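Two complexes follow with subunit A in common, the first pairing it with subunit B and the second with subunit C.
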Partner chain A sequence: MTQRRFPIFLLILAVAGGGIVLMGYWVDLPALVAVRNVLLRWAATLTGVAVLLGILNLLTVHWLKIIQPREGGVYSLVMLIAFVITFLVVAIDTPTGSWSVWIFRYIQLPVETSLLAILAVLLVVAVARLVVRRPDSFTLLFIGTAILFLVAATYLPRFDIPVVRSLRDWIVQVPVVAGARGLLLGIGLGVVATGLRILLGADRPYER
Partner chain B sequence: MSDEDDQVTCAECGFENPLEAERCQNCGADLPAAFAENLLAQVPGQEPFINKARITPAQQVHLRLLGEMLAVEGQALLLGISPRRAGYTTLRIGTSLVLFLVLLFSLLANKPVFTHPSLTSEALEARQLVYALTPGAPVLFVVDYQPGFSGEMTRLGQGVLAHILAQRAYPVFLSTHPTGPAQAEVFITDLGISTGIAYLTPDQYLNLGYLPGGPSGLLSFSQAPQQVMPLTADGNSAWQDPPLQTIQSLSDFSLVLVMTEDPDTARTWIEQAGPQLQGKPLMLLLSAQAEPSLRPYLESGSGQVQGMVSGVSGGVAYQDSAVFTLQSDTSGITWSAYSLGLWVGAILLLLAGLYGVFRLVREQENELSRGDKP
Partner chain C sequence: MNLANWLSPPVLGLALLLIYTLLFLFFRYRPIKKSQPSGLLSIRELAPLDQLIKSLGRALESGKGIHLSSGSGGVSGIRGASGLTGLMMLARIARKSAKNDKPPLATSGDGILNALAQDTLYQSYTAAGSRRNFDPSQEQVAGITPFSYAAGAMLAAADQPLEANLLAGHFGPEAALIAEAADRSAQLTIAGSDNLPAQATLLAAADEVLIGEELFAGGAYLQANPAHQASLAAQDALRWLIILLILAGFTLKLLGML
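And now, the complex of A and B:
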């Protein structure tokens, strides 16, 4: 019986919480706004706790890989050691302390920047593969557009072709903006639909 | 489970048959085969439903595929490189070398070749917003980009931050990314190195650190910044400095500036924090990849976004147009290296395209020649 009642309790909690936060936008009652603000702060705190739980889960997974030796376990060991060192440094030195910033500047920043830099190389190779495997009009259109955007983003004296830049500006300001507006409208409608489904109890992600 | 779930509908006549029936009791048509037992027994929590499910042979094939996919999930896969892909490895190394050497040459040559871009209309509006700042005016500077984008974002934002500091405004840094607090410190330190001016002491800016909670946290902060973020990133009391004592909501900041490479992050700021600004300007510093997605907010005329600077070109143009000068101004050299990299990338794409077409033509010729032989 308790098991059957618990989802109903969750449903009431979710609908009431969502309803209060939503009503706070339309009804200017100080009490309602105060309750909404408290709920929002709880949400922010809970998200922080969720991050901690995620970290704990990650650590557990890697710890299990170490104590049950399997292929790639050494990477888990490196990950755990790196985590412990970083955690201690940031906890003691604060996130903006000189040691914390040193780790960020000389380890995380170069690694992530280098990974992104590889994208330029991969793009060229991917285009070569694309042309070999699917040499059709869409591929040529893609290559043409990519070259147009790369060239039009620079300003080379004597080689500056106004038509190329105008074409690039037109693409950015007309078809791209039209597509972006469509996407934004779609996202907005999707958010409204999802919110309504949760408020009406049709979607119950908290029961999973 | 309801009674309806314990019955199987005939696809031919629509008659409801008992679950155990193999043929329709009304028209005699074959009913879908019973589900193979234990096919998905490893899927937790689904056993009661699986035992009663009736699916077609095609669905069984799909389920077996799903089962196989689940079985290999988590297993380390050894990537074998076929001879065909080995050729691409050479191409990858060659492309990397070309790009690296060209950029290195450009930086070492130390000669600006490419003309600097001019300021766009939206960047001009952004510059006017910064010019309007009075000494001591609090500016919320949101550093919300992934570390991988720091090359572009630093070049983009340095000129704007230098301009804000030149106006003697008071920047307050905040981030919804866990790496944001360190990112902001690196950004400030690098600006200090570029300007060579020692005005970036801790009492001339504030780093609030990481704001958790996504859209909820952001909305909460917009309504009551002092309650949501009472401490700075290094654990001190945040709101004691004179420029910040009067801050009660987001609208008490003179300018809110969001620096991001992610359209979703910018959208969240516009939609959650925007209504709380009550007419105070919101300005975006965007990576070139995010600009097209967010341009509708700028061009809608609703005032949701009142200024925008985007991409390396926007940063260089802004820096050129401002009245201040950076002591170690390397924008000319880096802009030339950046532009040259784009040109080389375009040429490589063109060559890749031509190579693909050439290869295709050659293969077709070979096929034709093989077809001609008896």
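And now, the complex of A and C:
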């Protein structure tokens, strides 16, 4: 009986909380806005705690990989050592201290930039593979448009072709904007639907 | 008060919410004819979700797992909806593969998503009567920045034998790294995101891609509950309404009345 009551209590809490926050956007009642602000502050605090929980989970997973030796365990060891060093440096030097900034500027940033560079190469390979995997008109359109954009975006003074540049501008301003707006409208409707399902209690991701 | 004030974004937003709620309630509780199949409404085929359902069957036969990556968007704000959709899909995958020796692997880039994924899996296994198969170490936070998350998810997926990877949540273009790693391990990748650059890169890198709002139809396809089918029908009706409004606005503009 208690087990049954608890989900109902969670449902009431979620629906009431969501409803108050949502109504706060339209109804300018001081009491409602105050309650809404309190709820939003709680949510921000809980989000911060969740980041800590996430880091704890990350550390636990990598610790388990080290104590149960398996392939790739050395990467987990490197990750844990890097975490401990970074944590100590930031704790002692403060997040805006010179050593903390050094770690961000000369280690984290280059590593993430390298991944971005790999991504560029990888996409070229993926597009080549796409021709083999899905040889249809959409693939050809996708590749044709990508090539057109690359050609038009490259500035070569002697090989500047006005027609290509105009074609690119037209594609960007008409079909791309229309397509992107269509997709965004669909995504927006999906977002509204997901939110309202939770507000109406049809979806209960918080219920154990 | 002029028309522009009446049609301000807050008023339009409220109108949209009310119309959607009414449509949702209509499709959810409308009387169903006896001749109609148990699924409330007929829905068009989506190849990526068909592939997902097939791969769930193959995973059960081969004893391999399914990896669900719910992204790094958290659960709040606009980005949160795709992560919540990913969680709901995880619940259905877990329910369908509860008897599998290899439980699904769930990675996320956010603490709340991870906690909810743990709850979701526990609940699904309990409902399927296979609580002994529940393994909390199968829900991992792979990294807390987008690229560290992608790198972590690549490694987590490479660690165990998988039949398919489902990327359902908020990603940036870095999602292509996960899809590429899965491709190297000869695993099927089905991907959907609410982010347009991610959709563009995944179109090239993943085997099957959910475009636009197709990700949000996942619940209806996996038969999460009748509310998802009603929600999908309400979305479709609302889309038609928006199309009609755009056409009306275009006509009025053309006639010089707007």
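Note that in this section the second predicted complex is superposed on the first by the 185 of 208 C-alpha atoms of A that agree within 3 Å, B and C clash if a C-alpha of one lies under 4 Å from a C-alpha of the other, contacts with A are read in each partner's own complex, and residues count from 1 in each chain.
The rule is simple: a contact is a pair of C-beta atoms (placed from the backbone, for glycine too) under 8 Å apart; a residue touches a chain by one contact, two chains touch by 3 or more.
Predicted model, so just to flag it, every value in this text is computed and none were measured.
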Touched partner set for A:Ala43, first subunit B, second subunit C, both or neither: both
Touching partner for A:Asn57 - first (subunit B), second (subunit C), both, neither: second
First (subunit B), second (subunit C), both or neither touched by A:Leu116: both
Partner chain(s) touched by A:Leu184 [first = subunit B, second = subunit C, both, neither]: both
Which of subunit B and subunit C A:Val132 touches, first, second, both or neither: first
Contacts of A:Tyr206 with subunit B and subunit C, given as first, second, both or neither: second
Partner chain(s) touched by A:Val176 [first = subunit B, second = subunit C, both, neither]: first
Subunit B versus subunit C as contact partner of A:Gly72, first or second or both or neither: both
Partner chain in contact with A:Arg105 - subunit B first, subunit C second, else both or neither: first
Contacts on subunit A seen with subunit B and repeated with subunit C across the two complexes: 43, 46-47, 51, 71-72, 112, 115-116, 122-123, 125, 127, 129-130, 180, 183-184, 187
Of subunit B, residues touching subunit A in the complex: 76, 88, 91-92, 95-96, 99, 113-117, 146-151, 178-179, 181-186, 189, 207, 209-214, 216-217, 219-221, 223-224, 227-228, 233-235, 267, 288, 291-296, 299, 311, 313, 338-339, 341-343, 345-346, 348-350, 352-353, 355-357, 359-360
Interface residues, subunit A side, partner subunit B - complex: 37, 40-41, 43-48, 51, 71-72, 94-97, 100-101, 103-105, 108-109, 112-113, 115-116, 120-125, 127-132, 135, 140, 143, 146-147, 150-151, 153-157, 160, 172-173, 176-177, 180-181, 183-184, 187
In the complex, subunit A residues that touch subunit C: 25-26, 43, 46-47, 49-55, 57-58, 60-61, 64, 70-72, 75, 111-112, 115-116, 118-119, 122-123, 125-127, 129-130, 133, 142, 180, 182-187, 189-198, 200, 202-203, 205-208
Footprint of subunit A on subunit C - complex, ascending: 10, 13-14, 16-17, 20-21, 24, 28, 74-76, 78, 81-82, 84-85, 87-88, 110-112, 114-116, 119-120, 122-123, 137, 139-145, 147-148, 150-152, 155-156, 158-159, 173-174, 176-177, 179-180, 183, 194, 196, 199, 201, 203-205, 207, 211-213, 215-217, 219, 224-225, 227-228, 231-232, 234-235, 238-239, 242
